[in-house]
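Chain nomenclature is as follows: A, B, C and D, assigned in order of appearance, with residue numbering initiated at 1 for each chain independently.
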């Protein structure tokens, strides 16, 4: 089923829900989901509505303007309009660890993700056979301090050539430059192997072991300039005990990482995420 | 702040959200929360809306009728209208175990529950001093096979005299009769000390131990005629290991029970629960 | 490192730990792990000890007898002696669902499982390409009511030919016969897609939806004659809400299933499981 | 039942378990629990053994010396010997928040804690009636910058007068001085309302809200000089969503805090905690 998705933000006021829902109703829109949220701190109203497109009374390429004139202008709204088609194009960046890659490809294979994966990019050659087994092109772009800028340029060229919508860092062990990130604002999802904001940076499982925590976690977030500080999409945790070695923390943590990352991808694909400042609204 | 709460159920159709929100908007209603749900199995649409009453354009005692005429009639809706005042009156039934009672009284004391507790009824005298310390009358009504009917009649009389809105069985170890239950449909909340539907009936921790489960749980549900089979409001679990004795399961489980029961009470007080068949919708 | 693993069971008595640890110490055994458990219900003492084999003072093929004479006879012990080599041989049984299969193969690929997988058997051909991508032989043995007995005979022949130590039912949708099970006592691990003992049998997610539970789960257990009633090895759960459809329960549940099944395999490979009646001890 | 508890630490070596268990066995000790742990990072061996005292062959006041001569000297062990009697004496420090206090008193009332509570100290008078209802003396010692030193001196005097073994800070909102802490090394348990090391210091729920985390937590730890940096005893978490206000985070978090703090007290009372550097071993 083809659907349209509207996400709006404006100062909270009376009549917003009525105005939006009347616009949809009067144009014969069958609402599939509607969710709203009032941020009491900043006083803003947020809303996501999804409705059937095929029976809608306004042509697809007219909706944005008509909604703007008839509704958004009245309430001084920021709004985005998008559709659940065509399938978005996702690029995967990996290094040597395979658990997140496998988990994503497994869901892709079974149809759980409505996405195309035109390419996988890695700074190491190790995972090429896996990726090829799924019929996906694999680009090996080794990175050194000296080649980093040129390799990122090549990565951006590849992403643009393939019309990539968003990038998933599936335990990609390179820090992206400010320039690279600026090409994909809120379009790069990273999995960090700790319960952020605890244990920012390298070797979080070692840091967790050293601090003696009783629970470890993983965090999927959008990548921003500041390392591991972008808006959090999803987190989860697992219980550990004093006798777990760092290697065991790594294994226990990987089960959390892969599930958390895949949930974040699912929210992103369903277009249920709205970034507000450094927080995310996850619409239901 | 005084609020009105509308919960509706009808066949799913276009324009319901628009009609309801327009009704509120045109009467100057400031919507505080709106949540909707479509049950795909039965094809019904559900919605809960809460709005400020003080500035609303329709008098409190006219809302039900006007909404009925202007909106509900159009969509053949079932609907309830209620208010967040006056404070509801909750009765507690207890036996000898104190953990749920303490947890509820602790929240009552700290103002977490917006509720009045006019009385506690017990078939044992043990917990009277605790209850009295909170300034709440305690009624000791011992129950035997022979006196059960007369004691339930006395209980009902007390509940009616005190204008009780709903009853919480805080580990009350008597099975209520069909007649008693019929006086309070979806108004009696029980905490069962297992992850229902596993381990219905008496001694669930013993049964859990015997079955060798690795996780135990607790379930808060509305009481219906069939034992431990009413609509589930909330559940939670805790991990256990083979070396935990039955007594340890009991202690671990009690921490789950008290938190689950109090969450269920909170949902009930916020009027966020809609029972549909044998399931509950918990609006957000 | 080569290790020996001793698991004992006997009536609880004084001096057991001393006797076992002295036997190991006097023969120059370097204990790597020791864990004990007293079952208060049946009054039995259980212990697992693992020690370095290479520096041990008794020849590998003499340990069983010498321990029997010097220690086990004194306390009337039941005991098993095993080793962490050679790698055990695991057979996978699958049908059409791929999530558990992928998860297991992913861990096999990354070296997380110390195991050989000589073959995968399925009653459907769908998953053959995946399995072949890992260089593992795939046997397609379709099953109908009429062919069930002969196909099971063929399965047993294949398992014996390949010297299989244990079988994992990775969402294999056939019920094994009593005869098949008797060939592999406590050697067949199944993943059931519910929090047992709730929702035994077919379509547990539909049953969970219908009962309106707020948490779903998965259970890995050894297969015994009675359906879904064997000793539980591991369980875990995930929270769901009223608006989750059965299809969503299935997706949410699959993430739990695969992790629970892989944990059970890990315990089995580490030889940390002792079945007692219908319960399992999971040694640490 | 009277028991003795031995906790040892030494360089890992062969024969330690044998030596300890033989010492117990030869003196007719009935071992109730034995647990060991090898810290691979520092190469140390740790062990906790608990056995029946009444039938033990060595007099209570001779055990320490005899174990020292016969066993500890051989392996150059650090060791502590303690007993499960008399009941330890616990002091509670509180401020205005009641949830942890109620939870502790509830367990004390029901006999879940084997402890005496000779006094509660607070810098505010609010909770006096609750404490008195349990028959426990309440000392109101208000604290200002100017009076802090003298009030701490008075606190220490009270604790010493009552023979207090350990102190529990049940949401006590004052930072203890280095001097105060030095009187009770690893004898002061604090509950911090975040998942440490995230959100050290004041107002962690505000910080968690601002960071947009999807999970909040609580941490029980021994108090050391550095704020919120002492050895972690227990942690747990709860899931939150974007629509939860700071006030809701506080309420959700309080349910975690009280259970985590009470678990930490339980481990401490059972003498199952060994502090190693800045980590804790929790023996089973």
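One rule holds in what follows: contacts are C-beta pairs under 8 Å (C-beta built on N, C-alpha and C of every residue); 3 or more make two chains touch, one makes a residue touch a chain.
Since we're looking at a predicted model, the values are computed, not measured.
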| item | value |
| --- | --- |
| Set of chains adjacent to chain B and to chain C | A, D |
| Of all other chains, the one whose Cα centre sits farthest from chain B | C |
| Distance between the centres, which are taken as Cα means, of chain B and chain A, whole angstrom | 37 |
| Multi-partner residues of chain D (at least 2 other chains) | 243, 284 |
| Chain C contact footprint on chain A (complex, rising order) | 97-99, 102-103, 105-106, 109-110, 112, 130, 133, 243, 251, 255, 259, 262, 284 |
| In the complex with chain B, residue positions of chain A that touch it | 14-15, 17-19, 21-22, 24-26, 28-32, 34-36, 38, 239, 284 |
| Contacting residues of chain A [partner chain D, same complex] | 37, 40, 195-199, 210-215, 217, 231-237, 241-243, 245, 278-282 |
